[in-house]
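Structures given as structure tokens follow.
Here chain A shows up in two complexes: once beside chain B, once beside chain C.
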Partner chain A sequence: MKARVLIRPKAGILDPQGVAVEQALPALGFSGISEVRVGRMVELEIEDESQLDALCQKLLANTLIEDYEVVSVS
Partner chain B sequence: MKFGVVRFPGTCDDFDARDAALRVDGAQAVLLWHGDHSLQDVDAVIVPGGFSYGDYLRVGAIARFAPVMSEVIEFARQGGTVLGICNGFQILCEAGLLPGALLPNTGRRFIFRQVDLDVVRADTRFTSAVPAGQTSLSIPIKHTTGRYYAPEDQLDAMEANGQVLLRYAPGQNPNGSLRDIAGVTNEAGNVFGLMPHPEHAVDPLTGSVDGLTLFTSMAQAVANV
Partner chain C sequence: MKARVLIRPKAGILDPQGVAVEQALPALGFSGISEVRVGRMVELEIEDESQLDALCQKLLANTLIEDYEVVSVS
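This part shows the complex of A and B:
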């Protein structure tokens, strides 16, 4: 089955990438946008979804600085 | 005294680290291949800078699972002396040998410049050769992901335990590192990681030989065991 995992910087940790995106938006005519945070998504095929949590903790995310969330399994 | 310098695909400072180690009186230095399960009986390990495995996913994340790293982890657990420089620092954090993590620089840019580092402690196996009375080291940095981070309570514990060995001099914090931290040890004090590159500060031709003191300290520590 296909799984999607979302990994993002933990709340409270400065995300320079998000800041860069946020600062670029006014120049493009967008306004009223704040708190932009950039994470990443990992898609994978997995036979045994019970392994997902362990693999997220061991490799996909560094839980000291990132939160992860399995957003879908189908 | 025999130094071992770990080499991953994407490492780029391996030769400089080896050559820096070879400047220490009586020292030998060998390269250790990432795919090997041997440390070749070295007395100290250096994990050098670069872009191990392309730094895909997260800096240092994939390198920590290299076969040679299980040997380095075991070596460290037995009290062996391990130095991580830049990408090596990131790898040692990912491997759980050092506390904390390295985040992208606050300013978002790659930074390459000489910085002054305050020596917080000169009584460790990585800093003992800093001459008495010298309180700072001039060493270059070159990185994009060097912002040292650990939760506040962990930072308090590390400072109380004397694990912060180097700080960026006041006003010179280049990357937003918490508490100006440039280099930290593990709780036992046998594993040290720093973002600046001591191996690039070993020849008067490039302006400073302060980096050599770290390698000399390691050799002295090994000799005194």
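This part shows the complex of A and C:
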């Protein structure tokens, strides 16, 4: 199956990339945009999807500061 | 509205992060995982969603080497 893992900074954890995006918005003419959070997305083909949770915890996400969410993709 | 933007390397563009993940898998005991591609995810609150496409092209994605996809999140 094809799986997609979404990884985002936990609530309350500083997200410097998101701050940088927000600060760049006015100079580019954008307004009304807030709560910007930048995370990662990993897409992969996996034969045994029961491995996915361990994969996220051991390799893809830093669970101290990041939450992850697994989405199956058709 | 809350929007989610998924940004991934275009097909055919080298993805060193994805290669690094694939190479780390055997040492961690994982098998049967392939086609790993690492991209970015940006989540934000936007008042005027018609700005989203311009935002992606001007700031969030490098459209020379990346594709983006906008997903609305309830």
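By our rule, the second predicted complex is superposed on the first by the 73 of 74 C-alpha atoms of A that agree within 3 Å, B and C clash if a C-alpha of one lies under 4 Å from a C-alpha of the other, contacts with A are read in each partner's own complex, and residues count from 1 in each chain.
By definition in this document, a contact is a pair of C-beta atoms (placed from the backbone, for glycine too) under 8 Å apart; a residue touches a chain by one contact, two chains touch by 3 or more.
This structure is a prediction, so every number in the text was calculated from the model and none was measured.
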A:Ala27 contacts which: chain B (first), chain C (second), both, neither? neither
Give the label of whichever partner, chain B or chain C, reaches more residues of chain A. C
Contacts of A:Leu60 with chain B and chain C, given as first, second, both or neither: both
Based on the superposed arrangement, let me know which partner A:Ala11 touches: chain B (first), chain C (second), both, or neither? neither
Could you pull out which residues of chain A sit against chain B in one structure and against chain C in the other? 59-60
Seen from chain C, its contact residues with chain A in the complex are 2, 6-8, 18, 21, 24-25, 28, 30-48, 51, 54-55, 58-60
Complex contact set, residues of chain B against chain A: 57-58, 61-62, 65, 94, 100-101, 103-108, 147, 149-151, 176
Given the complex with chain B, which residues does chain A contribute to the contact? 13-14, 16-17, 19-20, 59-60, 62, 64-65
